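Labels run A, B and C following the written order; every chain starts at residue 1.
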Amino acid sequence: MTDASVLGAAKPAPVETEALTLMLGDRVLLDRATLRVERGQVLAITGGAGSGKTALLGALAGQLPAGVDMAGGARIDGHLLIAQGGRLAPRRPLALQVAEVVGHHLGLDLRSSLRRMADGLDRMGIPAAARRFDLPPEQLPESLRWACLFAMAVAVGPAVLLADAPAAGLDPTVRLRLLHRLADWARADGVALILAGRPEDGLAGPADRVLALRRARLLPANPARTEPLTPLEPPGTARLHARGVGMSYPLAPGPRGEARSLAVLHGIDLDLRTGETLALLGETGSAKATLARSLLCLPPPTAGAVVWMGRDLMAATAPPATGDANDPDRGGLRRARRDLQPLFPDPAASFDPAMTLGAQFGLVLESLRPDIAADRRDHRIDEALEEAGLRPEAALRWPSALSVAEAAHAGLARAILSEPRVLVADEPASSLSAEERETFLDTLMAVRDRRRLSLVLATERYDEGLRDAHRGVVMLAGRVVESADAGTLRTAPLHPYSRAMLAAAHGERPALQGDAPSAFAQPAGCPLRRRCPLAREFCAQAVPTLEEVAPGHHVACHYWDTPADG
Amino acid sequence: MAEYDQPPLSHPVPPETPRAGFARGLSGAAILAALALACAAAPLMADGSAVHRLDADPVAAALLDGRGSLSFALLAAVLGGLLGIGWALLAGMLGTLVGSRAERRTIAAAQRMAGWPLALLVPLAGGLTGPVWLLALVTALTAAPAVAVLAHAELSGLMRAEFLTAARAAGLPEGEVVRRHLIPNLTRPLLAAGVLALPRVLAAESFASLLGLGLPPALGSWGASVGLAARLGDPVAFVPPALLLALALWAACAIADGMAAGHRKP
Amino acid sequence: MPRPVIRRLIDAVPTAVLPMVAGVGLSALVAPQPDAAMALLRGLMVTLLLTLPSLAVGTALGTLAGSWAAVAPRSAGGLVGRLLAGAGPLLPGFLLAALAALAVRAGASAAPLGWTALSIPAACQAARLARPAMGRALGPGPEGGAVRMARGLGLDERTVLRHHALPQAVAPVMGGLRAAVLAAMVGAVALESLLDLPGAGALMVDAARAGSAAGAVPVLVALGGLTALLNALGLGVRDWIDPANHSSTPYEGA
C-alpha cells in the first residue's frame, strides 16, 4: 500500500490512516490501508456490493457498522458523513432538518441557517423556483433531496466530507452534474472530499484520484472495457419490424366523465436485423422499457404494429374469436414467443418462488419446444445453464436460494432455452455491480455471438450499451431523438441529450440543467427544452421530428447544427 | 464470481425476524394442539362417572368448557376464513371481468366493515336468535372483512408479480398461468389470511359468552365460566378458565402472526 | 382544539354523528321504554368517557415503552415495553374487564380499575407495533438510513432518537389505532355490563338479554357511530403530530 503523497508531507492532512484494517467476523474487509487525502482533494473509492466501502467510511467517521472490528490508526478532522441512500427523517420538513444540522455545527439560528443553505443551493445550481424547503423529504424529487444534502454540507463547511454512494439512483446526467458541483466546491473551499460508490456510478469523473477497493486492498482502478468483446459481425436482413408503436395508459375519468389517458410512447418505428445488436438508450421516463415490452407484446402496445417474420403479433395476442380458443398455436403467437425472449430488469423476481429452476425451465420447454422429447429436456436445460455460466446443479435450486448474480445468469439461461432468435433485454444487469456486471454482460455477448442472436438492449448507461452494439437509438420522453450506428453515437452524437449522456458516461460535466420533467407535466414542444443549452423560443412551439442528417443518422432537434453559444 | 458467498454488507438481511415469527407460530400451534388434546381428554379425569361441570374441580371444569369454546372457534374460523377469502377472490374476479372500479368498491366495503365494531353483533345474535349455527355464521361474519382485506392485498400483489409476465413470455395460455403459477403461490398467503379469523372468532365468542349471550350453557365456554365467576366474585373458579382462554388467544394470535411471517420472503 | 383534529371531525360527521343521531332517534321511536333516547345519550357519554382517556393514555404509554424497549431492552422501561409487547394477545379487554369486575366484587373502587382495564390492551397493542418499528429504525436495514444519516451529520443522540427514530415507531401505532379502538369498544361493553355502569354497551346487552331487538339495534347503531368518532379523533391526532404538517410556520420567507 504505497502512496506517493505519504512521503514528504509536513502538515497533517485532514484524513490520514495508518495500516487501517477492518474485519467483519473473520473476513478481512480492508487490509492495512494507508491513505492520505489533502485539503481540496477529491478521492473516489469504488467497489462492488459488499466490498466494504460503507465500513471504511464508517470507520473514518468513527461510526463502525455493527460487527465490524477495526485495527490500525485513522485520523480525521471535523467531518460530515452523508450515509448511503441519503435518507432523512421522511416526514419532517426538510428546512427544519437542514437548519438543525447547520445550527448544530455553526451555532446559528434558523434564519441564518436557511440563508446559508440557500447559498449552498446556489452552488449546487438549483434554481430558486425549484426550492420547496417546507416539504418533507418524501415529497421531494430524489435529485432535489440529494442537492439539498450537498447544499447542507456546503452550508456547514466541514474539513472533510465523506459521501457514501452519493446521488446513487439518479439519472447519470443529473448525478454527474451534482457530483461535479460538489467537487468544484471541495476544490474551491479546500475540503477533503471522499466519494464512495460502485464503479459504474461514474464517481471517477469528478475525482482527482480513484482507488478501487478490491480483495480488501485499495488499488488503482482498472479501466472498464471499451471495445467490443469480439469484433461485431455485419447484420443480416430485417426480421422484426415495429411501425408506429405507441402506448397509453388509461387514467381516471376527467371532471366531466370524459375518458383520459397518458401516452408514454409516441409512434416509434424500429427495424431489427438478424444478428444485430440495438441499444435503446434513455434515462428515467424515456419509455425505453415500455418499448422493449411492447416489442414482446407483454402487454401489446395500444397503437401501431409489431411484425415478426411477416406475422402481426398484435393480432395474435388479441382475444381469440369464437371457436379457436383451444388452438395451441393461435395466430403463430407461440412460435413468436419461442423466437422472441425477454431478459428482465429484476431477474430474481422473474422466477416463480414456488418452483425450482429446473421445473420452471421444464415448463418453458414444454410450452415453447414441444418438439423436444420429455426425456431430452433435462439435457437441454443443463446445456442452457452451462452456456449461461452456471453449473447444471443449479436446476435443482429454488429461486430464493440464488444470489442476485446467479439469478441474472439463470434468467439468461431461461431466455436461451427455447433457442430464440431475438433477445429483448430491459436493463438486464441493473441489479449487478462491478465484476459481476462485467461477467454477466460478457456472458450475454458470448451467447449472442455463438447463437448469432439479435439483441435489443435497453439501458441508461450510454457507453456500456453502445460498446457491443451495432446501432443505438436514444430515447427521450417516449420519442426517438437520435438514431445512428454505434460508432457515430460514441464519438460524435448530434442531439444535445445524446451529448449529455455521452459526457455523463465519460464522467464529464453534462450540459443539461435540472431534472427530467414528469410524464404528467411534459412541456409543450420539445420535451428537453427546459434543460437544453440550445433551446430557443421556437422549441416550445413544435415537437422536433426525426430528420436524416447523414446516411443512417437521424436526429430530432430544431437546432442540432447550431453551436451552443450562437 | 468469487464473491457470491459473501452477502453484501450494505444491505444485510434483517436478522432472523421472519424465523422468530415462524418459531412463535410453531409454539402457538403446539400450545393450541396441547390445549385441544387436554380438553378432549378432560372427561377421563372425572373417574369415568358422569360429568357435570359444576361438580368438577375448577381445572377440570375449565378443560371441559374448552371443548365448547375451541370447537366453536374452529367451526366459525373455517367459515369466516372461507367467507373472507371468497370475498377477496370475488373482488379479484370482478376486477378482471368488470373493471378495477368494481374491485375497488368491493374491497372498500370490506375495509369499512372491518372498521366497525362487528364483534358487538355476536352477543346481539346470541340474545336475539337461538340456534348455534346462526351464531357461528354471525361470528364468522365478524372476522370475514379483515380476512378479505388482507387476502385481497396479497392477491393483488401477486397479480403484478414479474414471474407471471415471464410465464406469459414462455407462451403459457392464461389458464395455465393461473394453474401452474398463480394458484401454487396463492395458497399460502390465502391460508395465512384465513388463519387470521381464528383469534378473532375465539375472542368474539368468549366476549359474547362472558356477557351470558354466547354459546348455550349446555355446550360450555371459557367466556361463560369467566363471566359467571366474575359476577359471583369467586376467584378460584375465575382463574383456570381465564388462564386457558388467555393462553388459547395468545396461541391463535401467534399462529396467525407466524403464518403471515412465514410466507413473506426474507 | 388543533386544526387537523377539527378537520377530521368535520370529515367524520356523516359516519360518526349521523349513526349516533339515528340510533337515538330510532330508540325514541321504537324502544319499549319511554325514556330510552335519553338513556342512550347518557350511555354514549359514559362509554366515551370510559374509552377515550384509556385509549389515549394507553396508546401513548405503550408507544413510549415499546420504543424504549428497542433502545434499551434491559432498562426498567425497556422491560415494561417488552412485557407489554409480548403479552399483547394474552390480555384482551373483556378478560381484563372480568378481572376488574372480580376485584370490584372484592371491594375495589370501580372507576380507576375500569380505565386501567381498558388502557392495558391499548398499551399492549401500541408496544407490539412500536417495538419492531423502532428496532428497524435503529437497525442496519434500509429503514435505518435516516438514523445513520443523522448520526453521520453529527447530531446528538437525543435529537436523533426524538426526531429521526421515534416518528418511525409512532407511524405504525397510528396506523393500528383502528384495531385498538375496536378492542376498546368491546372491552367497554363488557366492563359496563359486568360493573353495572350506565353505559350504552350495558343498555345493548340488557336489551339483548331481554330478547328485545327494538331496544338493542338502535344502541348498536349508535355505538358504531361512536367508534367512527373515536377513529376520526385518532386520525386527527395522527395528522396533528405528523411533522409534515408543521411546515410553513417557522420560516417566514426564508
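Following the convention adopted for this analysis, a contact is a pair of C-beta atoms (placed from the backbone, for glycine too) under 8 Å apart; a residue touches a chain by one contact, two chains touch by 3 or more.
Note that the structure is a prediction, hence the values are computed from the model and not measured.
When every chain is represented by the mean of its C-alpha atoms, the one lying closest to the mean of all protein C-alpha atoms is A. Chain centres here are C-alpha means, and the one lying farthest from chain C is A.
Chain C has its Cα centroid 46 Å from the Cα centroid of chain A. One inter-chain figure worth recording: chain B and chain C are separated by 23 Å, centre to centre, where each centre is the mean of the chain's CA atoms. Under the contact definition stated at the top, the residues of chain A that touch 2 or more other chains are 65, 84. Residues of chain B in contact with two or more other chains: 11.
Touching of two or more other chains is recorded for residues 140, 142 of chain C. Here chain B touches chain C in the complex through residues 11-12, 14, 17, 114-117, 119-121, 123-124, 126-128, 199, 203, 206-207, 210-213, 223, 226-227, 229-233, 235, 238, 242, 245-247, 249-250, 252-254, going by the rule given at the top.
Across the complex, chain C meets chain B through its residues 88-92, 94-95, 98-99, 101-102, 105-106, 132, 136, 139-142, 178, 182, 185-186, 189-190, 193-194, 201, 204-205, 207-211, 213, 216-217, 220, 223-224, 227-228, 231.
For chain B in complex with chain A, the residues that touch the partner chain are 1, 3-4, 6-11, 161-163, 165-172, 176, 180-181, 184-185, 265-266. Residue ranges on chain C touching chain A, taken from their complex, read 140, 142, 145-146, 148-156, 159, 163-164, 167-168, 171, 242-244, 246-248, 250-251, 254.
Note for the complex: chain A touches chain B at residues 24, 27, 29, 48-50, 52-55, 65, 84, 165, 296, 298, 333-334, 337-338, 341-342, 344, 346, 349-355, 363-364, 367-368, 389, 400, 403, 405-406, 414, 418, 435-436, 439.
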